[in-house]
Amino acid sequence: MAAVEQIGRAGRAAPRPFWTVGRLRVAALVVIFALWEIAGASGLFYRGVLPSSYLVVWALLGLLTSMDFWFHAGVTGLEVLVAFVLGCSAGALAGLMLGANRYVGAVLEPFLHYLAPTPKIVFLPILLILFGVGMGSKIALGAISSFFPMALGVAAGVRQVNPVLLRVGRTFSLSRFQMVRMIYLPALVPSLATGLRIGLGISIVGCLMSEIKLSRMGLGFSAMEYYRVFDIPSMLAVLIFIFFCAALGNVAIDKFVRLPGPQDRQKRKWSGFTRRFT
Amino acid sequence: MTIPTLRLTNVAKTFATGGGSVRALEPISLDIRQGEFISVIGPSGCGKSTLMNIVGGLIDDYEGEVQVDGVPVRGCHKSIGMVFQEESTFPWRTALDNVAFPMEALGVEREERLSRARDLLKLVGLDGFEQRFPSELSGGMRQRIAIARTLAFQPRILLMDEPFAALDEQTRLLLGDKVLQIQQELNQTTMLITHNIAEAVQLSDRVLIMSFRPGRIKRVLEIDLPRPRSSKMMGGERFGHYVAAIWEDLREEASKGLQEMERLRAGG
Amino acid sequence: MSDAAIVSRRSFWRPPPLLARLGVLAGLLALWEAASYAGLVNAFIAPPPSAIFASFEMLFVQEGLINAFVRTFAEALAAASIGSVIGISAGYALHRYKMAGLAYTDWVAAMASAPLVLLYPLFLVIFGRNSATIVAMGVVGCLPPIILKAKEGLDGVRSVLLNVGRAYGLSRWAMFSMIQFPAALPTIFSGVRIGLLFAIINVVGVEYLIVFGGLGQMISDLGDRFEIPGMYAGILFVVLVSICFFFITEKIEKWLLSSK
């Protein structure tokens, strides 16, 4: 009896490591922050190139309370939204068609496959001619950029639907429509989610790059203006805001585009929440 | 004379492949009565899965005829239910929703289909697990969900294609008992494909032994063991005799299959 | 499924996919050419294919297409090389130190889809208006996929191979160079390949935005001067070169995978 108790106690004695995930992340942030401050103050770089974080935060607050900023944010936000919706829905439809029909897929998909890694920014001059200097060309570039990964991802997703599940559907004599609604669509959700996440990032990049090149509005334009007058803290503040929104968008897609599963059942107890950060 | 629940008349199949054609099945005829449990056993490559797919309707161009209750059928039909060897539960549906799936497709009312699904889950021994997702359950439990889902369709004939092949031995034995229990309770006509001789003897009324490709029925063995059966009788003497008799027939066919594979690997 | 297999399934005749592709391409070009001459399409906005091909000569001679190409790809290759060294080392670190891997892999994955190209003004002020900025942007762009794939590749090395190394008492460097790296090479290469493609995209993008450098600058200049056919030709050239790179590296990757 005593021997068993001893073994039990020994088994529980494994020490928890000091560097947990949460602590590592905090440490990394602290180190990055410290390096930034040191580099900025060191005089290695031209004065003002790496401004102290205090200045950046101050600039960020200034932006968030400025009507001008929110106007530009709204313009970019609208461009990204429209580009994202257009590009991803067109991409999803194309992907469905390519994945559903073997022959069509074999003929047309290589076009997408080989065009996908080309730098879409090179199409901007054509789009500027077609759509002018306004929001149209920005939306067009964002949409074209996000079309490709979405189409390829969905096409792959359709082909990768577990064939056993399709056989199950056939044995129950499901109609075509039922097969799509009850089997294909749920099975495609992971591919759709991945495509949407990548598509969002690419739409943002596409819209911003075209704003930077030639525009009178939007956050890309703002950032360039601040750069031109060498207001680096404000420029960095705009960039930080953009990164933050991109991250938020990703989290939102993750939350809303997912299959039902056991994670729904796990209640987020407060202790579980804090355990993540220590 | 009563009409057999399942009748195969000269069912045969030739596959067209890149290099020519392969005769998978020679004409097979058999009758299965209501409530019977038939096992089809044979070496790898004998065409038993082809036979299963033909009866189940996944292959619809073949020679011969399949009749259910005297009515000829071809292609997938709601009177024939199939359970597959691989994982076939829908990962995005709970156990209950998986079992309710075929009824949902048929348009059965929500209350009714959920209550029937609950009954079926109880039948396969999974009551209490209705709200679990397949990812939270073991392989044996997932196969039980698949069986319950197929039964939800109320098929006249239940086809099972090596449903326990992916499970470990102990789970397989316990599930075998479970399947027997269900089959007896529902008087469900069942056809099981397996390569496990003990399983065939444990579960069936008759065992069909198939020859190596091209597949035909080499012998039909009546298993005259008392019902209700269970895995407990596996050590018994008569059980051992049946197993030995089947192996006697199978060994010849199985070694032909092995020679063929080695020949292909060496020369082909 | 191979193209040939698809053909044999059909009961009525269809052209093999490769021919069908060429047919589609030829058809579209012919349509465009015809529409241009018929006046249906504004020849200024979308010049006919014949005009575009004709301007290639001008690009070679006047614009120094070859030089621009060499410059762009030198920058991209430099970026990918630097990125590979840093990335593979970082990937190894994430693999070796499990906690760090758990902590930082998600961050790296997030970086992969973040609008990193926006950092270019920062690099511009740090490095000034020269190639260093462009290469730095390329490095930043190609790091995430290389790091992720390197970690993935190293994680995937079968433990039986590692046990063999340990049985021989190999040093850490020997383990890496003789067992881990070769075993993980296909995955690492696929990461380097994606990294190279991202580097090209970033390099061309920044060249275009700051109008400094090789092909990106060339396209921007042609657009500014309204040399429309030449501009289309330049764009087409970038697309073709990118396709070539993608295709070649894909073949190498397949070869690496098959020889495992």
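We call the chains A, B and C, going by the order they appear; numbering starts again at 1 in every chain.
Heads up, the rule we're going with is that a contact is a pair of C-beta atoms (placed from the backbone, for glycine too) under 8 Å apart; a residue touches a chain by one contact, two chains touch by 3 or more.
As the structure is a prediction and not an experimental result, all values here were calculated from the model.
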Comparison of A-C and A-B by number of C-beta pairs in contact, larger one = A-C
Relative to chain C, which chain has the most distant C-alpha mean position?
-> B
Averaging each chain's Cα atoms, the one nearest the global Cα mean turns out to be A
Express in whole angstrom the distance between the two chain centres, defined as the mean CA positions of chain B and chain C.
-> 50
Would you mind pulling out the distance in Å between where the CA atoms of chain A average out and where those of chain C do?
-> 20
Take the average of all CA coordinates in chain A, do the same for chain B, and state the distance between these two points in whole angstrom.
-> 47
Residues of chain B that touch at least two other chains are none
Residues of chain A touching chain B in the complex | 162, 164-165, 167-168, 170-174, 178, 182-183, 186-187, 189, 259-262, 265
Considering the complex alone, what residue numbers of chain A touch chain C?
-> 17, 19-22, 24-25, 28, 45-46, 49-50, 102-103, 106-108, 110-111, 114-115, 117-119, 121-126, 128-130, 197-198, 200-202, 204-205, 208-209, 212-213, 220, 223-224, 227, 232, 235-236, 239, 242-243, 246-247, 250
Touching residues (chain side chain C, partner chain A) in the complex | 1, 3, 6, 9-10, 14, 17, 20-21, 24, 45-46, 99-100, 102-104, 107, 110, 113-115, 117-119, 121-122, 124-126, 197, 200-201, 204-205, 208-209, 216, 219-220, 222-223, 228, 231-232, 234-235, 238-239, 242-243, 246-247
In the complex of these two chains, what residues of chain B are touching chain A?
-> 56-58, 76-78, 80-82, 84, 86-88, 90-94, 101-102, 104-105, 131-133, 135-136, 150, 153
